[in-house]
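You will see two complexes here that share subunit A, one where it goes with subunit B and one where it goes with subunit C.
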Partner chain A sequence: MMNLQFMLFILINGLSQGMVLFIIASGLSLVFGVLRVINFAHGSLYMIGAFLAFSLSSLFAGKTLFAFLMLMLLVPPAVAVLGLGLEVSLFRRIYRKEHLLQLLLTYSLVLILDGLTRIIWGGQIRNVPRPEILAGSLDLFGLFFPSYNLFLLIMGPLIAAGLWTLLYRSRAGNYIRAAVTYPEMLGALGVNVPGVMTATFMLGCFLAGLGGVFMSALANIDLSIGMERIIECFAVVVIGGLGSVGGALLGSLIIGVGVAFIQIYFSRMALVFPYVIMALVLIIRPWGLFGKPER
Partner chain B sequence: MPSALESYPSTHRSWLIAGTVMAVLTILPFVLGQLGRTGEYWLWVATEMVIMALFSLSLNLILGFGGMVSFGHAAFFGVGAYTVALLMKKGGVGFVPAMAAAPLVSALAAGVIGWFCVRRVGLYFSILTLAFGQLIFMITLQLYGYTGGDDGIHGIPRPVLLTPLSYYLVCLALVAGSYLLMRFLTKSPFGLTIRMTRENPERAKFLGINVKGYQLVNFIIAGGFAGLAGGLFTELNRFAQTEFLHWSKSAEPIFASLVGGMYSLIGPAIGSTVLIFLKIIIQQIHQGLVEIWGIILGVILLGVVLFMPEGIVGVYEKIRARRRRPQ
Partner chain C sequence: MKKMALRLFGIAAVIIAVMGIVPAEQVRAEEVIKIGWIADMGGIGASFYKSQKEGIEMFIEETNASGGFMGKKLELVIRDSDLKADVGANLARELILNEKCEYLIGPTSSAVALAATKVAKEFKKVIFFHTSNTEKLTTTDFHPYMFQVVPNTGIEGRGIAYFLAQKPYKNYGYIGLDYAYGHDQHDAFKESLLKGNPNAKIVAEVWPKTDEKNYGSYIPTLMAQNPEVIYSSLWGGALSTFIKQAIPYGLFKKTTLSSLYDLDMLRAMGQEMPENLMGYTRCPFYAVNTPQMKVFVDKYHQKFKEWPADWAIMAYDGLLVLKKAVDTAGSTDSEKVSKALDGLKWTSLRGERYIRAEDHMANVGIYVGVSAKDSRYKDFLILKDVVEVPAEKVWMSVDEIKALRAKNPQ
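Our next item is the complex of A and B:
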């Protein structure tokens, strides 16, 4: 019984890590799908979201659910506005350029944003207190689970469903998907394609910021989380297929649960796992589990 | 992207300039020797610059000539570094055989990794090289018994003959020799074929060229030169650490190539030297500025990407061309 409790605990932990990863990685994947740019700075935007959540939560000072909801409502739009600035001033100029220049532009943004984060928030390890209602454990069929992890397990699928509805059941989603497959045609039909791109980029940043809020209360945050996370996100989108949101969900759960279990049995190997699985997928099925082969 | 014919303007440069630069670089340490402790420091910096120039040049064989963005090049730099460190510290091997082994072991590693990577193109190639590079980084970190994990390997023996001055000259000679080799290579039929696979892989394939094979050999050669750079860097610092293998190290020669100009042979060396020099100058101006070096570097890169993607050499060539044919 103890063993089952333990295994379930690891599973829940891995799944909730996977959910946070999904929220962030789906943003990266979405942006890649429409803009065809792999945004290295996505991890930095997520980190900025987490630190913004930290600053705001000390402002609210209370451990109430309301305060946490305010973080969820305020931080992601703030990161999205930052994304708006970046897209309009910088990303727009490089859509038609080579891959290398695009990668380097986003990488130089990593250097700048990480440097600014260091100046603003410093190198200390921070965290955001969980709201009281989510701070304890929940008793389910005689097994105890941390409420916050269960909360993430509910939020993850909700956000996935919301994203799916947005992409497949709304006019905005139609535009976004059309911009993925045939931007020229979309433009010819009178749709403001640059606007669609900007909006998609903002949506991606919104998701990065939301992931930052959730992460800030799940674990400690410091200046290294952006870099760590972006590599995990690469692994996720490679596994799931670049541009595929469903793939990002699957990839996140594989990485989240995989890392959680490997950590228990071979603690030091857990860090290698994303790279191994990323290399394997790229060698065997480079377009990912859900993606379609290009060309 | 410039056309194949005008892509490598600097190879037309006269031997006179090359000779002058070599002469200045050779005399430099003797001048620095007169400056006491400051001179010693700058000699060390100059040695680092020479070695890092080789690292950047080696990456550009893949990046500029091959047109493939590798994000895992530090792996081969690091493998060379650890080869020298392990052979000299734990194996008791001499400087010369250890330094000869570094490029060979790195080339071997590049052969294995490259065999998988060249099968993928574009972004997938980049991510795969990143994954393999980090894999080697992680493995080095885990093999505590051999590599010392986080601590790295310290106290690598220094042969009595190698003073800072003579070590600088050894590095300069090796790097200049490597440069000449690369120059020969890029002008050879092999080099031209590599350029063709960059410009038009489809057509190359139709001409019966084994594109992946050529790219793999190019990858291996680049890995070998990176290994030599790693070995030399380890002996300079007398330690090897996992940071040498990290993917942020892989980014350094990419930045150098971009800033210097990746469509010329010498560009990456110039870029690398400029960036190291800038970093040290900033350090000298104010210690606190080191904190924001990342931001400064980021802004420089941003400027280069947006306004002069052809790099320093490219801008220089443009100015020269304008002066020649005034319109």
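Our next item is the complex of A and C:
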């Protein structure tokens, strides 16, 4: 059981899980970093993304790569538009309010969005087929790896790189980062700060939707996936540092790979592992691995 | 003058109408008998709920059309326990005390069922279980007001072991969720497998957590020990996710997977479900060939435009028992109905069945078969070559139950 093939299996599985986790958690982290809102409803938005992927995939009714790419192109913007509505109507009003109020709002949104999801899609377990070309396995040096997991291993870094470019190499990114540290100064320079905040929130929702698309073909989806995932995402965000995308990547990979190996040797501990790491980080470096101490 | 007469006529009409309504209301209240359902509507309970609701509503509609229970119309009151035991207990109390329900219908979750059955016992109201199937309900937590129409965990675990023990398999794998149900199934399965086939060995066991969405570590761990067959107590979404993720690893090229292939799970898998996996189900509409099942299935399909899942059939079946018990007792009173339950024979959708007097467990077995495509059903695979493992072969004997109860007094 200790052989190399087996270890590689577990490593690739852990990394690909970490990638999905990263895509979702980075959105949560970004929203917190800029807007200072802990968005409990992020998991519900991710779930809605997964269910939208289900509806669209049955519309395309094909298991082609093209159909899957269409899901990747259409679903995240749709969730972002939903985010736009939520930001303008609700979130905008609570940015400078106390955390308790924010929690109350985002938690009640969880209940509302979950209820809506149940009304629209019903409670059945849904399955989004993997595209034909990714459904099988890939023969690497005589070892068979599920192609879809390898696909996630490619998509994850691409998305991370895209996010990094957006945040650190573009004007929009400059605004977003400036809004984190000096929102007043940014406003004084004539930048539409509320607009930047809306855009950031939409970006967070976009990532939640994208995570939903990837997850929908990885496992079956049902009404419980949002709540399950959001708690893991909180652990990731705390480990990586609130607001840090790089930290979210590192945190996701630590949890993805860590859980994958722990499942084999101490499967009882798999459930608590992310929280143990989170607690350790909070003790040793409360602002997270990549975060900065609060001013 | 004419105007005056018209006005008087109008007043008279109003008075008659009011008088007519009031007594009618009173009569209505007396003629209605309420059934309270502690349902699990959310999360993993949602797909079960939909099917159960359709089965229950169909029964109530039919029964009310033909005069209800002893001339009293049935009225369903539904509450959501959200898979939480304490909530379920409170709701059961509320249904009995505030809503004045005479009978209760059980939930999906076994934990909620165990909490609700205690309340039914306290208030001496009949409750039945159609989906939640922990064996405790009819053994240690038994009381005479309950009955069970779903094969319980013992019948399932021992039933599939009984079946597999007759096959030449030697090396078994086991995957189960790490909570009470997973461990109960494992113990029941292992014990009777070894009894039936002393050469069998469980070479690999894995215990994922209950909300696991990634079996990528467990699949290679199982495969490393080369089991010929894997028995799984996964169900619903967990099972279909496991199968989906195991396909690209090539698990099913060498190994068969024996598990609960209920209709909702098969529908979720769709055409992705591998063929030739040997599994079981609790109540398959497509394999039970009784005239009453055929009538039920046709009607259900016409009404809801879909095929009835196991949960719909068993919920309906439980209500058939209730109706028979009411008719036998000649009363709708829970106390009398519960007495009529002992040894009650009824015509189940599954054929002639009875409620065993000592534990109120219906003699319902499991149905074992092999997954296969069928041209009649485009959206899902079914089990073919289905055989029933009769409950009598694998359920706990009355002596065993008595011993168990003596050890765990309530």
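Simple rule for what comes next: the second predicted complex is superposed on the first by the 293 of 295 C-alpha atoms of A that agree within 3 Å, B and C clash if a C-alpha of one lies under 4 Å from a C-alpha of the other, contacts with A are read in each partner's own complex, and residues count from 1 in each chain.
The rule is simple: contacts are C-beta pairs under 8 Å (C-beta built on N, C-alpha and C of every residue); 3 or more make two chains touch, one makes a residue touch a chain.
Note that the structure is predicted; figures quoted are calculated from it, not measured.
Engineer: Does the superposition put A:P286 against subunit B (first), subunit C (second), both, or neither?
Structural biologist: First partner only.
Engineer: So, does A:L90 touch the first partner subunit B, the second partner subunit C, both, or neither?
Structural biologist: After superposing on A, A:L90 lies in contact with subunit B but is clear of subunit C.
Engineer: According to the stated criteria, A:L163 is in contact with first (subunit B), second (subunit C), both, or neither; which is it?
Structural biologist: The answer is neither, since A:L163 touches no partner chain.
Engineer: Is A:V75 touching anything from subunit B or subunit C once the two structures are fitted on A? First, second, both or neither.
Structural biologist: neither
Engineer: Contacts for A:L30 in the overlay, against subunit B (first) and subunit C (second): which applies, first, second, both or neither?
Structural biologist: After superposing on A, A:L30 lies clear of both subunit B and subunit C.
Engineer: Looking at the overlay, does A:L103 come into contact with subunit B only (first), subunit C only (second), both, or neither?
Structural biologist: Touch partner of A:L103: subunit B, not subunit C.
Engineer: Just subunit B (first), just subunit C (second), both, or neither: which does A:R118 touch?
Structural biologist: both
Engineer: Contact-wise, after the overlay, does A:R268 reach subunit B, subunit C, both or neither (first, second, both, neither)?
Structural biologist: both
Engineer: Both subunit B and subunit C touch subunit A; at which residues?
Structural biologist: 114, 118, 268, 271
Engineer: Going by the contact rule set out above, which residues of subunit B touch subunit A in the complex?
Structural biologist: The touching residues are 1, 63, 69, 116, 119-120, 122-124, 126-128, 130-132, 134-135, 138-139, 142, 247-248, 251, 254-255, 258, 291-292, 294-295, 297-302, 305-306, 309.
Engineer: Per the contact definition, I'd like the list of subunit A residues that touch subunit C in the complex.
Structural biologist: 1, 6, 9-10, 13-14, 16-17, 114, 118, 122-127, 129, 135-137, 144, 146-149, 215, 218-225, 228, 259-261, 263-264, 267-268, 270-271
Engineer: Report the residues of subunit C in contact with subunit A in the complex, numbered from low to high.
Structural biologist: 41-47, 49-50, 178, 206-209, 211, 213-214, 216-218, 220-221, 224, 236-237, 240-241, 244-245, 247-250, 264-265, 267-270, 272
Engineer: Over in the complex, which subunit A residues touch subunit B? Could you list them?
Structural biologist: The contact residues of subunit A facing subunit B are 38, 90, 93-94, 97-101, 103-105, 107-112, 114-116, 118-119, 227, 231, 234-235, 238, 242, 268-269, 271-272, 275-276, 278-279, 282-283, 286.
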